[in-house]
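There are two complexes below, and they share chain A, which is joined by chain B in the first and by chain C in the second.
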Partner chain A sequence: MFGNKGYRWKLAAALALIAGLGVEAALRGEPTNPSVWRCLSEPPRWNGQSIWIPVARIVSVHDRDYEIHSGIVDIRVAGASPGPADSRVALIAVFHADGPFLEPLQTRLLPPGTRSRRLMEIVSVLVTLAVFANFAKHFLFRPKLLQAEGEAG
Partner chain B sequence: MPDLFTHFVTARVPGLFVRDRRLVALLAIGTFLPDIAAKGIYWILQAGEHFPLASHSVLGVLLLSYLACLFVDEPLRRQGFALLSLGGLIHLLVDMTKDNLGAGAVYPFLPFSPTSYEFGWIDPENVVLLVPLDAALLGAILLYERSRDRVRQ
Partner chain C sequence: MADLLVHFASGFAAGRPLRDGRLRSIVYVGVCLPDLLYKMLLYCGNAPTWLCEPTHTPLGVLPFCYVGALLFEEPWRKRAFVALLGGAWLHLLVDLGKNYMGHGVIAWAFPFSMHTVELGWYYPEQSPLLWIPALALIGGVEWIGRLMARRPASP
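== the complex of A and B ==
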């Protein structure tokens, strides 16, 4: 399984299995948690479906509802807005085809947090670079180094 | 995902018990593997949004680890696979600590079940608060390793 015999077949089999698992995840994941744009493209199909929206921006606030922008689409959400326009929210909501609109089950107002988010991104990039540099130190193929070691030996 | 710094530090803890530095490097890469695969599949290959979920399942981690271990030297492959897998599984556990309103970000039993799971301990927007804790833990690990290496010498 870990030898060099049939190396190309092993590579191909691993890639094929990963692709197959991805297709299976796509086929089974979509009915479990469809995107808002998909619900809006076929409202009757997704009527009553519970969906998770990790991040959305509040576009406008009205008396009895508010509108959010998620991905590439806007949709109305019933109830009082958790924050002013331009704030970010996470939602778990039920999609209703008549309207269409979302009925929120859980709502979380996300902090603006651009500075902390930026800091986190910088730290993550630096850590990734360090890990890859360490990996390259141990595994990078360096013919000149091998040649020098051979000559010294 | 929590920040990559947290992922890296959690992988360095079991790395204390691994003597070969090359294997520790593989353990660290292993803990990044699910996110590298997910982001690569989504942003570079432009796959559908549910396709990358496969990288955050147990079978997905094992397949990705197997594929990755094929790129290291043959004598190191078996141990490499074990440590890449360990890193990936630690990644899934750390991702499960997030609170995504119950929606979960890890699909451990794909392709058998599309259900996602989470412990719901940490607000994903507040992972920046983990940085000091991570830094302290990493400092302790590095100090311990240095003193252990001195004793060995």
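== the complex of A and C ==
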């Protein structure tokens, strides 16, 4: 399984499996939790579907509903807004084709946190660089080092 | 990639007892692997999020680790595969603690089921709160590691 025999076939098979799993996840996952734009493109098909929106921005707030921007589209959400315009929310909601609008089941106001998000990303990039520097220290091919070891030996 | 410090700390705690520094370095790569693959597919490959999901499933990550292991020289491949997979599974275990409002985060039986699970211990944006415990864990494990190394061998 890990030998050199049939190396290219093994590599090709593993890459094909990765591609296949990706396609499988995309085909089966989208109906499980469709994007808002997909619901809006075919409202009758997704009527009554429960969807999870990890991040959306509140665009405008009205008396009985509010509008959010998710991905590339805007959609109305029934009920009182959890925060003022421009704040960010996460939702689990039911999509209704007549409107169309979302009926929220769970709403969570997300902290503004643009700066903390950026800090998290910077720290993560630094950790990645450190991990790969450590890996390179052990595995990087260094012909000069080998040459020196050869001469010493 | 939002909380790789926390993931690294878990990998460090698991990998530090390993005597071989090369194997340790692979475990550390493995623990970062699911997020690196996810972001790479998402941003570099412009893939839809669902297509990236297998990188965060226990079985879906297997072929990625296998391909990673194949990039090593032959005598190292089996060890590299185990180290990458161990690190990646540890990453998924830490991610399992996230709270996605009950929606679930890890499709634990993919490709056989799309059912997702979560423990709901912390929200994703709260991971900076875990930085201090993570750094303490790294420091503590390193300190114990050095103490153990200094201890004379028993006769």
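One rule holds for everything that comes next: the second predicted complex is superposed on the first by the 153 of 153 C-alpha atoms of A that agree within 3 Å, B and C clash if a C-alpha of one lies under 4 Å from a C-alpha of the other, contacts with A are read in each partner's own complex, and residues count from 1 in each chain.
We take it that a contact is a pair of C-beta atoms (placed from the backbone, for glycine too) under 8 Å apart; a residue touches a chain by one contact, two chains touch by 3 or more.
Note that the structure is predicted; figures quoted are calculated from it, not measured.
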item: Chain C versus chain B on the shared chain A, clash or fit after superposition; value: clash
item: Touched partner set for A:Asp86, first chain B, second chain C, both or neither; value: neither
item: First (chain B), second (chain C), both or neither touched by A:Glu42; value: neither
item: Touching both chain C and chain B, counted on chain A across the two superposed complexes; value: 2-4, 7, 10-11, 14-15, 17-18, 21-26, 28-30, 32-33, 52, 54, 90, 92, 106, 108, 110-111, 113, 116-117, 119-120, 123-124, 127-128, 131-132, 134-135, 137-139
item: Footprint of chain A on chain B - complex, ascending; value: 3-5, 8, 21-22, 25-26, 28-29, 32, 37, 41, 47-54, 57, 59-60, 63-64, 66-67, 69-70, 72, 74, 77-78, 81, 100-103, 107, 110-111, 114-116, 125, 127-128, 131
item: Contact set on chain A toward chain C in their complex; value: 2-4, 7, 10-11, 14-15, 17-18, 21-26, 28-30, 32-33, 52, 54, 90, 92, 106, 108, 110-111, 113, 116-117, 119-121, 123-125, 127-128, 131-132, 134-135, 137-139
item: In the complex with chain A, residue positions of chain C that touch it; value: 1-5, 8, 21-22, 25-26, 28-29, 32, 35-36, 41, 47-48, 50-54, 60, 63-64, 66-67, 69-70, 72, 74, 77-78, 81, 100-103, 107, 110-111, 114, 125, 127-128, 131
item: Interface residues, chain A side, partner chain B - complex; value: 2-4, 7, 10-11, 14-15, 17-18, 21-26, 28-33, 35, 52, 54, 90-92, 106, 108, 110-111, 113, 116-117, 119-120, 123-124, 127-128, 131-132, 134-135, 137-139
